[in-house]
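Across the two complexes that follow, chain A remains constant while its partner is chain B and subsequently chain C.
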Partner chain A sequence: MDPRPVEPQELDAITRRERRRQLRAALGGLAEILIALVIGLGVGALVMRGAGYNWRLAYEGLLIGSFGDQWAIADTLASATPLILTGLVFGLSARAGYFNIGAQGQMVVGALAAVAVGAHLSAPPVVAVTLAFLASALAGAIWALPPAFLKATRGVHEVISTIMFNWIAHYTALYLVFNVLNDPRSAERTVRVLPGARLGALIPGADMTAAIFVAVGVAVFMYWLLWHSPWGYEMRIAGLNPSALRYAGANPLWSVNLTFILAGLAAGLAGATQIIGRPPTYALYGDLSNVRNLGFDGIAVALIGRNHPLGIILAAIFIGAMGAGARMMQIMAGVPLDMVRIVHGTVIIALAAPEAWTLLGKFLGRARARRAPAPPAPAKTVHR
Partner chain B sequence: MRKGTILLAALLVAVLAFSVSALAQGSLAIVYDVGGRGDLSFNDMAALGGDRAVRELGVRLTEVESASTADFLPNLRALARSRQHDLIVGVGFLIQDAMAQVAEEFPNQKFALIDGFVDAPNVMSISFADHEGSALVGALAAITALEYGGDTVGIVLGIEIPILLRFEIGYRAGVRWAVDRYNQIYGTNKQVRVLHTYTGAFDDPARGKTATDAMLGQGATVVYAVAGATGLGVFESVESVARAQGKVVGPPFAIGVDSAQDWISPGFIPVSMVKRVDNGVFEAIKRALEGTFQGGAVTLRLAEGGVAASTIEMVELFFDEAIAAGAKTAEDKAAAMAGVRAARAAVPQLAWDLLDELDRLIRSGEYVVPEALDRDTAEYWRGVLSTY
Partner chain C sequence: MLISSLILGALHAMVPLTITATGEILSERAGVVNIGLEGILLISAFAAVVGAEAGGPLAGLMVGLLTGALLGLIHGIIAVYFRGDQTVSGVGLNILALGVVAIGIVDRWGAAGFHRVERAFRVPPLSTPLGPMSPMVIVTILLAALTWYLLQHTNLGLKIQACGENPAAADAAGVRVERVRLFGAVYAGALTGIAGAYLSIDWLATITENLPAGRGFIALATVVFSRLNPWLAVLGGLIFGFFDSLGLVASTSQALTRVIPYQFIQMMPYVVTLLVVAGVIGRFRAPAASGQPYRRE
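So, the complex of A and B:
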């Protein structure tokens, strides 16, 4: 006998209930963000007041410096550009169940590749830019492979391996900057990329270049991949329940590699944006200070953006605005940079805390689940 | 109606008077290097010059630190765009590219660049005769090593930029001059070798410490720190190695740079190569306010007070600055100054005498310190100065 057909009213009711649930969840998320923002800014204001600075003027500076005029907005977006990409690295990996903090190293390698290709390959502008981007994406992906293989074949935890690869990249870069890619006339940095490989400022007087479109494009691609493609479905299932995926016959090696490679591509591109997409130097500094911390800032961006590609764009713009606003906090309110960083830190922690809490719970829960099915221990256990 | 007009006129006059007074007062903006404030060295010296301009010229001071090299350009632009500053000073060689660009975008804004060169009519490029000052401390280092039975001195540097090559070669020249003079006095045939390390960073004390540990391990008696905040690691290394041998006064010794850093490790820093960045900043804003500002390169030499070997009075001055900044308390001062005096006393008198002699010779032009601003020249002088 056929199952009872669903009455139209009943279907309506179900849809309505579902819609209401979604709306409630969205509003709840929004409220969470607002409350976190208020708490973060409030604590920041208290800290500034305690240290004797005018916090109202400082926040006014933050706003003016980040969104006050067309240049400020462009500077905000310029600062957001690499953060969108490094945020995607952590966000995508977290969706697939990995704690991938290798963005920093992969980005550094990407930056090196952009310098190597951009400075030595003379080609027409569009070709040169494309090749530099491709080279850095490839370099970032290659740098992500060893941790992925170690994870898939030997079970080495990605936190350990990616941290180690970050340092290997760091010191390799220092060596290359001073000994191979060095500019003999300016030893503090590498050679500059050729004019053909440089992206110019979109608005004269600000640093934003077309690199922002690359970053947003990659974010949109990741969104499509995660929610509208079979590969993304597999990745998300892996993140939610890895044993279910194995049970369904998927190859874990393939899943790990795909995630890490895609994340590595984004990280490599982030490095390129700082080399060919950021006036005026178009080179990598010897202390790596033009790519410093961008990979780690990406973790905060991903957490604030709830590991969702579109959320990550907004979060990166937010963090970029904090960076761009920092100068006016200093100029208008005389708040020193260290104090500005404390304020930024409190706001970022407040915003990232809910997601970090959820992620932590998930990882701990999984660890517990791994331990649980072990056979009951015999009365006498040998402790090692 | 009439009342309103009068009120408006009064308001206008008030606004005008206010803006005129603001203009007469003058305004100075300083953009610091990535190392930033609190390096007890290069950037803090620039800040000292700014503070002096506030005190003596009554200018308003705006300070901006840069979180990364990518911030130099937007920081300079934000200041230039406000049109509120008579002079914008960029501190440090790394800011050079950004300043060249901004100087072109804002041709009516006056700029000063410390330790770099921008070829523009609105940029005053201020540099210092680092090689002359480094030669002085090199002479002291060499004689100290010889008198304590050593034959090695070291120099730990930041990034291998042209200016640091100038420090290194100046130091080597001072060492060589002093050893030759020593052999001439005593009729001996001694040699001193100079170890050098470019750490690749101005803000990483850990790397400074590692490099210095290695040099002390190779028998260096004195290590010259030319690396901004990285140099703090040099002091830490020298002090911890000495203290491990139960000493409260060197050898080994460290030599400070840029500001009179002698008080940072009392007992172990007998002298610093003081680079009067403060005078450079002060001079630039003074000229901008007087209307005598001119673009182009200005080098402040030893004879003009641009560089100097630190004196006990300078050390006290900088210690007072540290107290004012809250980094130190007045109670610390007596103990620290006692340590500074002990370190100076532990350096052989001959070393001080030869330092003074070389100072006179450089001032009078009888001894010209070789200057290297590129790798090839530096390599040439390394060879010439170390072949006995």
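So, the complex of A and C:
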């Protein structure tokens, strides 16, 4: 121990140095994300070239379709809305140390609950919308419970259990859509929710509704929870070092359940945004196409957003823009919509290996050193 | 008639699960976990159809194997040399596969979402007393035997297990940990590639945007069930495969679908997987260093 008291100026210098270190780490993280995005778009361009499409025209279409005018921007934000929520599902769980890829199933169940409540409960608009949101959040949370329970009591890995529950939700939804919630007037979708339970378009002619405020609100709540509440503190500790949490006397069963329940609430809400918060259908399609893949895209969103609520909002807008712009890309360059998935996948693979860049830098540095005349080697013993 | 079709169905449904699980068993023993098996199955299923239509079923199987090995190599390099996050890389593979195959089907055959593989390009079945059976059933057993022998009775197998349990000690003993682990990742990729080819140019005789339908993840559950023993992966594949084929058989029987809606019959393999994994997992212990990158001190 140093007996000398630390001078205030010294403390200042230490704080400043620490701040600078944090800033540098944040900038480095941002650079990694940007490099990954460039690699993803580059591989996408290569694939399109290989398949004989005009990739410049495709990316131009993607840009026009997502940010070209106010309607395009509104469509981008509408596509981002469910992705913010499904991104939070993965991001929150990852912060607590769980690889929860169950957003898809929990969201489907949430969408079913929104249809069931929204179509059958006549109430004043504000009440109906609130109840529909609550019902779907609850449904999502309930669907998330068995994997949490299996994890805590039987040690079942959440990747396996959540994927199985996604498939069970998928087939349950197919059954309910055709047999219980079906609309006698239309074979291809469920009954539509009553007008009182619908959120209207904020800009006439575009898809964006007040649902985006719900999504952003949940993101802000998750931020508060993780960094400004004792429960969030416990969750983050659990993610960084599970045994430390146990030594501190916390109950791991409670920690798993809390994380999965909160994540499930967000997933359920994501389902509701597609039913009561997205004109013009206000129903679930028979092929589940209006909730298709949104849960899996949330994984991409969370990874690109580095599992941080603010990062998740930005990443959701990026992925949402690719979803909204893909139609214009298809019209202008004839490229299939699924093209954007190649970009997502490549971005994630590139993000998986942050050390690749340091290694590459070292390799290039060594190559440069080899070309330059070698400096006289200092005499020293090498310990291995 | 029903009995023999159920037995054959279970054997045929076992093949992709057991082959994929067998490869992943070796990889996890060496310390590399790949949850991108679903994506590798999908891409290699697609590549195999392209290969088979160009050069026959054997070429299709080879193309599937090589495609899988290549994807396993990418995952292995990220996991071993870049010390990346193995789970993230696996998820990336799964998403990438959805895009590649959706575009590939449109690009190759002009129709979106679906392409049927003609009989001439399929692996020809053997005739058995039960009915026509795919030769890949026998290949599956041989691959499980080979992997078991490799792990239990060869020098390489010893090195593989050392890399998964205690890479630092293996390194100190002169084992080249990175190479062994990369071999594991490529082996898992190659076997998954064969399984993918089997899906498209043999068993299901079609390629769709989501052909494996979760079988990559059921294979992961089979790995857990097997406790990293290839012979138990055969048993696990048979159990999961039985319910998979029961679903396929039952959903075509009108008498049954009137009582139980077909959606619930099709749900069965996933429910059974959950129950089995929840039942056996308590006694399972993964190799100590599995899934973690190795960094030399």
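Just so we're on the same page, the second predicted complex is superposed on the first by the 332 of 384 C-alpha atoms of A that agree within 3 Å, B and C clash if a C-alpha of one lies under 4 Å from a C-alpha of the other, contacts with A are read in each partner's own complex, and residues count from 1 in each chain.
In the analysis below, a residue touches a chain if its C-beta (ideal position, glycine included) is under 8 Å from a C-beta of that chain, and two chains touch if they have at least 3 such contacts.
Predicted, not measured: the structure shown is a model, and the values here were computed from it.
Legend: residue contacts after superposition of the two complexes on their common chain; A:A119 is shown touching neither chain B nor chain C.
Once the two complexes are overlaid on the shared chain, A:A302 sits clear of chain B and of chain C alike.
Legend: residue contacts after superposition of the two complexes on their common chain; A:G345 is shown touching chain C, with no touch to chain B.
Of the two partner chains placed by superposition, chain B and chain C are both touched by A:L174. Of the two partner chains placed around the shared chain by superposition, neither chain B nor chain C is touched by A:A137. Counting the residues of chain A that each partner touches, chain B and chain C differ, and the larger count belongs to C. In the overlay built on the shared chain, the residue A:Q330 is in contact with chain B alone; chain C does not reach it.
Once chain A of one complex is fitted onto chain A of the other, the partner contacts of A:F99 are limited to chain C, with no touch recorded for chain B. When the two structures are aligned on the shared chain, A:A238 is found in touch with neither chain B nor chain C. Of the two partner chains placed around the shared chain by superposition, chain C is the only one that A:H157 touches, whereas chain B remains out of contact.
Touching of chain A by both chain B and chain C, each in its own complex, is seen for residues 174, 293, 336, 338, 341. Interface residues of chain C, counted against chain A in their complex, comprise 35, 39, 74, 78, 81-89, 91-100, 102-103, 106-107, 112, 209, 213-214, 217, 220-221, 224, 261, 263-264, 266-267, 270-271, 273-274, 277-278, 281-282, 284.
Per the touch definition, chain B reaches chain A in the complex via residues 29, 34, 36-38, 62-71, 73-75, 77-79, 81-82, 93-94, 97-98, 100-101, 105, 159-162, 198, 200-204, 374-375.
Listing the residues of chain A that touch chain B in their complex gives 65, 71, 75, 174, 177-178, 184-188, 204-207, 274, 278-281, 285-287, 289-290, 292-293, 323-324, 326-328, 330-331, 334, 336-338, 341. Here chain A touches chain C in the complex through residues 47, 51-52, 99, 101, 150, 154-157, 159-161, 163-165, 167-168, 171-172, 174-175, 179, 293, 296, 299-300, 303, 335-336, 338-356, 359, going by the rule given at the top.
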